[in-house]
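In what follows, subunit A forms one complex with subunit B and a second complex with subunit C.
On to the complex of A and B.
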């Protein structure tokens, strides 16, 4: 084995102020009031709701974008059509647009006085300032991750297996299911993970479209911000530390799972 | 396995049989109200409603800057009742027919708090009044009147306090200009101005008494509260948003609105550092020599055009080149 001490030491010392110390600070401040305080902060109905709601939205976002993103990657990778390049740029835009702008435009579209929303409102359909609005925002913001993870894998594939499948009479769906999908496992996994993690931490768009209603649309990051604003830094950090632990465990578990698969 | 556990934890409250659906009241409010509403007023009303009707209800709420709340309501958030930091925000909503004061006591004003000065511990610069902020070389941290409701109250307090202590309008304008010469930072909200001051910036901060009393009672106030000879009492206005109240929820929302003026609620507000609209609950507060209200200045629309716009914005800011 090559001597790893110098490169690893260099890496760790450069990551210390950038990544590791800020992460440690979350836990330090969360535990400042002692374990009873910590559990009390976590056990409050607001904190419990915010955590659960964030997780649910993250699961739903990952699921929908896993399917939609893979489909988009498939179409954009396997078909050549006019406007493909333009579409490719457009679907990648959400990462570059400030999330607050995403929130605003969703409100101006789906809100009660929005372009489409004003026709839905009389029917009692109000996606904004409701869980549906949060989901819409998260789908938008995280869309490029799945695409970015899956499309390069599809692009690199030789056309041979697919053509072989077709000549044997497989339908496009069968070809996708039995020939392409197995090779996509790694891409799907990392795409879903990124989507999940980003959704769990999303703030800018959520604060706009959710209405920030506690016990109804307040996600964990919004709860954390509200607690910071009110000066309850320990409560904020208690929830933040739980989010960090959940993310860490999920990443760790899935990475190990992915390691076994290879 | 781990993933499944996390998923189960997340969906648990929504699984069948976990909870009945209860009616909700949706309340939006400006920031400094958050704590007292969530931890005191809501539980008290829930208990009272349950006692009267046997029904369990849920209180759903959101708190942000008063201007933000006003704008959110224009954009269509489902607020059924809102509490705003200035009557001006309430008026904007009422003028657009989005909100109403109908049936509310005291023209919707639910509580008050005077504007005071916070100095460093021991008051090393010997600040006693707004006049000292103008005459002495002090560094002042101030919220920005363009974005903060609290800052607008503060500008009115600084200007009109000169009038109420025998000054002429010219002298009042000079006082405001001198004070603003000493402003070293304009934070976007009263809350963030406080954070800046706490982190060591400046010699003095102009802010809500309630915010300071709350900390003083919790034993975590660093600094000294200075009561000016004359200052404004900010008034916080309740409005109902009829568009978001269904016919069958109307009695519930009305009951909550009325509850805010009940003896119990006014007592809770006073305990949290807000001055009650009923003087009987204000005995523990320090008396202010020459207090005044927005009505004394001719109401919000007039104070806004004649003081904040004509004097602060067009004269003071123009002279200072800020």
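On to the complex of A and C.
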């Protein structure tokens, strides 16, 4: 075996300040004031709301994008139509666009003086600076993850599975339910987990469209930022560590699942 | 009747990939569709299964019209080349799938899948996942899965294509046995003729979307009708011989017409293609030992020992002048060559390269005389329909399929030309149901010649009715005439009926091709023929006698074909030219078609064409 000590040592020492130490820092700081302080910080109504709201939005985003993303992947994978290439680029664009820009564009569309918003405003429908706006932003930002996880699986099948199922008498629904869906299981799960994790941590677009209203549109990341700015570092850290734990759990779940699929 | 296809068509980008297929398959039959890539064989299978929509025609399965039915409702079993076995299901679950979607109870499904696993020799592997099986095993699963719900027909699309040779052999035997035992009507698509022979009760040979021939393996091997089938199915020798009263003339040798060949012996000089399979070529040390019809002595050019026999290539000087279609002559080859296969003789010495041998034919078969497959050039720029009308009439008269050809020039969009041609083609189908179409892009004469070769057309029809007469037979048409290996028909003005034909034998060497082709058209059209030759007044008596002889020979041949014919020895006068004399005769005889040898120099042709608006048929000299 080749001597690995030097390259691995170099890698670890460079990663230590970049990745590993920041992760440790959260937990070290969160525990600094002792468990009482930690629980007290978490127990405040604002913190409670922010965490619950974040989880709720992440859950809704995952659900909607799971369906929408799968549908998009199906259409883009199984049909050849004019403009397909362009559409493929567009649906993947959210990965590349800065989230703050996403927030801005949503406000310009749905805001009180936005392209659509100005017609909705007189009817009393104001999606921006409201929970609906947060959801819209998260759907936008996380859309490519589901698509990216499901489409390659569908691409690989090249229609052979469906045609085989059809000739055996399976209806389109039966084919989807018994043949396509089971092969998509891995992609669906990893796509959903990725979407959930990203939604949970989303900051840039959320801060623009939510107005950062406490007890109304404030997600956990926004809460952390607000508390940090106000100097309540321990409160911020408590919520941050909870977020980090949830993210870790999701991530390890994903890893385990991916290992099993293989 | 389990499967009936009527006029089944499929076009791809305006071009037919499946062209009016008619086929009836009996109950319990294993039918093989044999063809190369792009022959349309898989498309036909997919249309039967409902995976591809036909553009025309009708599909019946067990008396039920399923042409536009969804694949789910057709009750077919389909085996794909790439297996398409569901990876996330076990073998048993895969096999049970068709029953599961039919809501069959689990116990019954289990029972049936076990039966089938026994049948395909996979007993005990029901709980395995596909990733744990070999390619051959996967294809067995695919077969069991397609048979589980007892489909009306079983369709197999190159099922053994992805497997290695040894496994392929095993699977073929299993398939044949299973198909026999269950009696399920099946169609198998393959490009492998050996596979077709081994499996098929009957075989249909496809070429470029056309079903050329249907027959038992034995028929197609020993008695094919067409040259394509003769050479595609099995190797062997295809020679072009000449019909004579005693039989078929091959160089200096004559072999009798095989019994029950519907080949009128009186078609003197007509060319026929003779097929002799390699194993039916007899090779002996001495001529006295020959049992078949002798082709004289030959020399062994190549000898390959294959265990069970010896594969030989023989040089046959006595066949000099005979065209060999197969085996294709090698460059620089001095004499025609035949392929022979002789069984191993344990006691005798194998044949050696260079050895002198006596060669004979034990069995042979004459291929069917084809009608004149004509290629009609449709020119949308000139909006000319004369070529079209006349060409269709000629193709009707010779009883052969015609093809419309349009060439897209540099300024035209191919799609536009295709669309216009398709419209025209559609409007003519009622009149000529076998009409095909084809669009090419590039230079006129080059593309016409290329299409003639690729589509194996036997006559080109071009039209020129517009424009001043001095531009007729312009540069491209002259290039075509100079290079064409098939007759070219030039139409300038329509003639409603072909009742008088003039064959000019003055243009060049007195040919037989022009007489024979003119006679063939005359026979079909019921026309009378004048065979003309212009002779100058001052010609020597010897020459005149030769010409008379030649004319008499032509008249004899035409009479033998059952065509009314008369000789015309035209006197050029003291100062007349050949062209003038011929033109005068054309006017006097009011001929509907002028047949002449393809001129080596196009000057005479150009002059005639520019002075007369009658249709001209130029026949290449061979």
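By our rule, the second predicted complex is superposed on the first by the 233 of 262 C-alpha atoms of A that agree within 3 Å, B and C clash if a C-alpha of one lies under 4 Å from a C-alpha of the other, contacts with A are read in each partner's own complex, and residues count from 1 in each chain.
By definition in this document, a contact is a pair of C-beta atoms (placed from the backbone, for glycine too) under 8 Å apart; a residue touches a chain by one contact, two chains touch by 3 or more.
Since we're looking at a predicted model, the values are computed, not measured.
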**Report entry** Room on subunit A for both subunit B and subunit C (clash or fit)
**Finding:** fit
Requested in this report: Check whether A:213 is in contact with subunit B, with subunit C, with both or with neither, and answer first, second, both or neither.
Outcome: first
Query raised in the report: Which partner does A:174 reach: the first (subunit B), the second (subunit C), both, or neither?
Result: second
Query - Centroid geometry (CA): angle subunit B/subunit A/subunit C, rounded to a multiple of 10 degrees - result: 140
Report task. Determine, under the contact definition given at the top, whether A:107 touches first (subunit B), second (subunit C), both, or neither. Result -> first
Query raised in the report: With the two structures laid over each other on chain A, which partner does A:230 touch: subunit B (first), subunit C (second), both, or neither?
Result: first
Query - Superposition-derived comparison: subunit B or subunit C, residues of subunit A touched - result: B
Query raised in the report: Touching A:249, do we find subunit B (first), subunit C (second), both, or neither?
Result: first
Report task. Based on the superposed arrangement, let me know which partner A:56 touches: subunit B (first), subunit C (second), both, or neither? Result -> first
Report task. With both complexes overlaid on chain A, what's the closest CA-to-CA approach of subunit B to subunit C, in Å? Result -> 26
**Report entry** Doubly contacted subunit A residues - partners subunit C and subunit B
**Finding:** none
Query raised in the report: Which residues, counting only subunit C, touch subunit A once they are in their complex?
Result: 49-51, 70-78, 80, 82, 84, 86-89, 97-98, 100-102, 145-146, 149, 155
Query raised in the report: Within the complex, which stretch of subunit B touches subunit A?
Result: 2-3, 6-7, 9-14, 24, 26, 31, 34-35, 38, 58, 60-64, 72, 74-78, 191
**Report entry** Residues on subunit A engaged by subunit C in the complex (per definition of touch)
**Finding:** 160-161, 163-171, 174, 178-179, 182-183, 185
Report summary line: Per the touch rule, the subunit A residues reaching subunit B in their complex are 46, 49, 51-52, 55-56, 59, 107, 111-113, 117, 121, 126, 128-130, 211-216, 218, 226, 229-230, 246, 249-250, 253-254
